[in-house]
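Below you'll find the structures, each written out as structure tokens.
There are two complexes below, and they share chain A, which is joined by chain B in the first and by chain C in the second.
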Partner chain A sequence: MAEWLDDFLFTYENLIHALGIHGLLALSMYCVMALGQLSLGQAAFMGLGAYTGALLTLKLGLPFWLVLPISALVPALVALVIGGPTLRLNGVYLAISTIALGEVLRVLYINAESLTGGALGLSGIPQKASLWLVYGLLAVCIAGFWAIGRSRIGRAMEAMREDEMAAGVMGVNLPLYKLGALIASAMLAGLAGSLAAHSNSFIGPNEYGFEAAVTILSFALLGGIGTPIAPVIGAFVLTALPELLRPLADFRLVFNGLIIVLAVLFLPRGIVPFRLRRAP
Partner chain B sequence: MLSQQLVNGLVLGSTYALFALGFTLIFGVLRVINLTYGFYFSVGAFVALWLARSLGASIWIALPLGSLAAGLVAVVIDGILLTRLRRTKAGELPSLMVTLGAVLALYALMAALIGTEIQRFPFGFVGSTALEFAGVRVSLVQMLIVGTAFVMVAVLFLLLQYTRLGLMIRALAENEDAARLMGINVDATVVAVSFLSGLLGGAAGVLIGLNFNAIQPFMGEAMMLRGFAVIIIGGLGDIRGALVAGILLGVLEVLTAGYLSSNAKEAVGFAILVLTLWFRPVGLFGRAQVKRA
Partner chain C sequence: MSALLSARGLTMQFRGLLAVNAVDVDVAAGSVHGIIGPNGAGKTTFFNLISGLLRPTSGSLTLDGQDVTALPPYARTRMGLARTFQNIRMFSDMSVLENVMTGMHTRLKAPGWSALLRLPGFRAEEREARAQAMELLEFVGLADKADGRSGSLAYGEQRRLEIARALASRPRLLLLDEPAAGMNPAETRELAVLLKQLGQRDVTLLLVEHDMGFVMDLCDRITVLNFGRKIAEGGPRDIRNDSSVIEAYLGSKVAERLAKAHGA
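Let's turn to the complex of A and B:
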């Protein structure tokens, strides 16, 4: 490998990891928003994946290829319990029922000290998530969502986003689609959490609360949800920006919040406003 | 000590009810899940704290002025964030997202400016005398909390039921277009509702600040989680439901802390919220609505 590339990778390794993982999180948000639903539990699902993955690796010593799918399964089960009942109600209920999840789990992580390390979190997690793995998964997910988006399923999803009732009348099985999307998004977030845990080598209980949830939402809102690549671009921009805006320090979250406000008010289609093309 | 626990729970629950009342009023009338509502709560508490500390104001001044300030902040924030979305009839999700972004920015700003350490009212702000009824201690602060909550709720009910403004608010809650056609000044009514809800949220902030004597910027965030639980259990937009559910949650939290563990307290509201969504998504008193195409 060229020397400058080596240098570059070494200096920015953490950032490059974070970009890929945030890209996956943005896709998990896309997955529910593409149906016109809103989940505020993505950070909580990510945390569940991170803790599950870290514990399986540290306490049971399971191989990484087995840890990853289990870290995706646990958040999926929780999503089923929390989100299941809201699927027959409108989108506001999903947002409300998931918004508190992160905080409740935070209290749990802090108090289950013997297992989760309490407020100190878990450290010394082996760094098993290579860049290849993170970006490979990201590429596979984008391609997968792209293919789904262009299929019959994607058409149904877009119909639900535009007018849920009309879509239902046209024969789209609304609860099935909502359930599928919620579970897929929880799995994806859990996967991203596990990858993050195995690349930072440390996780703490305070990383998956309200602020993280809002940050993940801001990825999708800034990028837009017209195509699967749009939220990923949003995530890249919002992850790279703080590096450039380091002097903002304490005001970084102010900036994140304002981006959401401005994006919803003035850029409802995001900075990548294109839509998927389909055969007529 | 069950009776003492019940009294403490009732006190806590009446602040929850007061808080949830403003929250559910916003949803019931304006059809918005306004997440900046928790910020009004913090504003109320901090303004009262500032008045008490810097100007030596008594509780009888700090409480009304704190609530009033929160009401004004509510009107301004609502005007900036939601006017545009209301005009385009953007629906519930975009307005939820706008207020979500705004509240993150507002808390972060407040924390950066004021700091996140816990602050307290000056010693002796409210006298520490307490009455005893049959072995149950009720402190002055607790009486003040229940009394204020009761008066505010009663006034709100009278206002909604018997005044012209109340009629306007109820008409707006029923149907915005119809209200407009009947000559109701919708914009002014929206401002009034924002103000009233900010007032309720701010008052709840001062009272909770008094109850625990601990004030910090993110106190509104923790309160919002309970607010969600209460308005879902009571039924979205249902004022009577919010009252009952608020008091219920307060009592259950205190009992959980007393007999189980104080850590489990945080999860009580969430657990009931999930159960409500599974078994009775329309809330305590709600009736199922069928939406037809």
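Let's turn to the complex of A and C:
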């Protein structure tokens, strides 16, 4: 009897971990979409965080409290390098260059075999990401976005999303805001990636491609971006749903896709359509 | 009076079209300066050059003695420039009050981390900002709509909200692109009263308007553009009597209005 219960808890705990980590990824998406930008690089930043974290733990044996911030810093630096030139251009360039980043990194992970384990990836990563840590970080980040959202920074972000030209005329430093948002989102995704690596104990080069990027985007599309909690709820639904729909077997992917399409068509503001008040 | 804003040889070319062609204009500090001209004369383009939304093909702009030709819009806003748009550009999902508070962006100084931690300094600044925004809404007669969605305001109300939002940055120079467009005569009269009060707030006005009575009543000095060129400049009296101006407007509805304003 104990055996099936253990099995059940094992699956269940993985799901709870995944929910929290996907919540952080959804927030990283929110961070750029909240000011009207589109990045398809969240999965790539996540992968960078995952590989950085895993390597620091496995090869250097650094303590986890040090591994985590470095896992956020490395993607932040890459975001700085990419964002500098592309953010001055039309928004489409950011989306395209972030897709390219994902592909470049994938090839790098596969070919730097001695370091990254190549196509096999890295395994045996100690499971150091406790549920407390994951959900603690998620709660802090939601609260942080909430607080920032209710300040001149939040007003500037919403203004950019609604009318970038008018926001610029109001005195918002558009390039600075775009770059800041991209860097913050890269840090969050890197953090989530490192937490994922230290909870699944395995990472591979193909987990952070275009498909993962679209999945992260769909968290925000389904949940909405009116409040920071909205994309997190979107992530919860899209992560829990496949588990609940397991009996549907192959149809569950179709079902999942259908839900996203219906949400985008009929709920353009997402399933949590409320808007954060931005005045005291 | 010295010039708050000076344009020298300001030129904007869109492919073959010279939308603004070698225009020299000086806007005196403390004045109300009008820009008039037929549709397509280049008035809005001239405003876009001043506010930094367009980079001129050639020529230069100085604001308060400083060359701003290469500065992005936000930097000009910091230097005391504000504007409204001919095609209203609200942040429509935001409340009326939030729109005005967004206009205060350059004046609010509490750093991000103090917002993050909700420190007393940040809260005090936000409360003060709210109070000032309410004052501005009272000034333009929208205080009772403060918490409403700005996108749901009537047309004339949105125009007044844009003015309040622009004033929120405490500009020294305010550009108004056809502020009375779409307003009925009563609203237009109220607007004129409002704009006259701005002079007492030390705001210099540069405005584009088609309503000739409105322009003649309000402006100290008027520049006339036609096909991107400055064809006349002077006080309201000079402009009414300028033959090239009458010619530029000939046959248009504006000519009738100009004539009417002349007779009045």
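One rule holds for everything that comes next: the second predicted complex is superposed on the first by the 249 of 280 C-alpha atoms of A that agree within 3 Å, B and C clash if a C-alpha of one lies under 4 Å from a C-alpha of the other, contacts with A are read in each partner's own complex, and residues count from 1 in each chain.
The rule we apply is simple: contacts are C-beta pairs under 8 Å (C-beta built on N, C-alpha and C of every residue); 3 or more make two chains touch, one makes a residue touch a chain.
These figures come from a predicted structure and were not determined experimentally.
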| item | value |
| --- | --- |
| Contacts of A:L258 with chain B and chain C, given as first, second, both or neither | first |
| First, second, both or neither for A:S151, with chain B first and chain C second | second |
| Winner by number of chain A residues touched, once chain B and chain C are compared | B |
| Contacts of A:M170 with chain B and chain C, given as first, second, both or neither | second |
| Touched partner set for A:L38, first chain B, second chain C, both or neither | first |
| Which superposed partner A:I82 touches (first chain B, second chain C, both, neither) | first |
| First (chain B), second (chain C), both or neither touched by A:L120 | neither |
| Touching partner for A:R275 - first (chain B), second (chain C), both, neither | second |
| Contacts on chain A seen with chain B and repeated with chain C across the two complexes | 165-166, 168-169 |
| In the complex with chain A, residue positions of chain B that touch it | 33, 81, 84-85, 92-94, 96-98, 100-109, 111-112, 221-222, 225, 228-229, 232, 236, 263, 266-267, 269-270, 273-274, 277-278, 281, 291, 293 |
| Contact footprint of chain A on chain C as seen in their complex | 51-53, 72-74, 77-78, 82-83, 85, 89-95, 97-98, 101-106, 108, 110, 112, 115-118, 122-123, 126-127, 129-130, 133, 165, 169 |
| Residues of chain A that touch chain C when the two form their complex | 144, 147-148, 150-153, 155-156, 158-159, 162-163, 165-174, 275, 277-280 |
| Parts of chain A lying in touch with chain B, wherever the complex brings them together | 36, 38, 40, 81-82, 84-86, 88-93, 95-97, 99-101, 103-104, 107-108, 111, 165-166, 168-169, 210-211, 214, 217-218, 221, 250-261, 263-265, 268 |
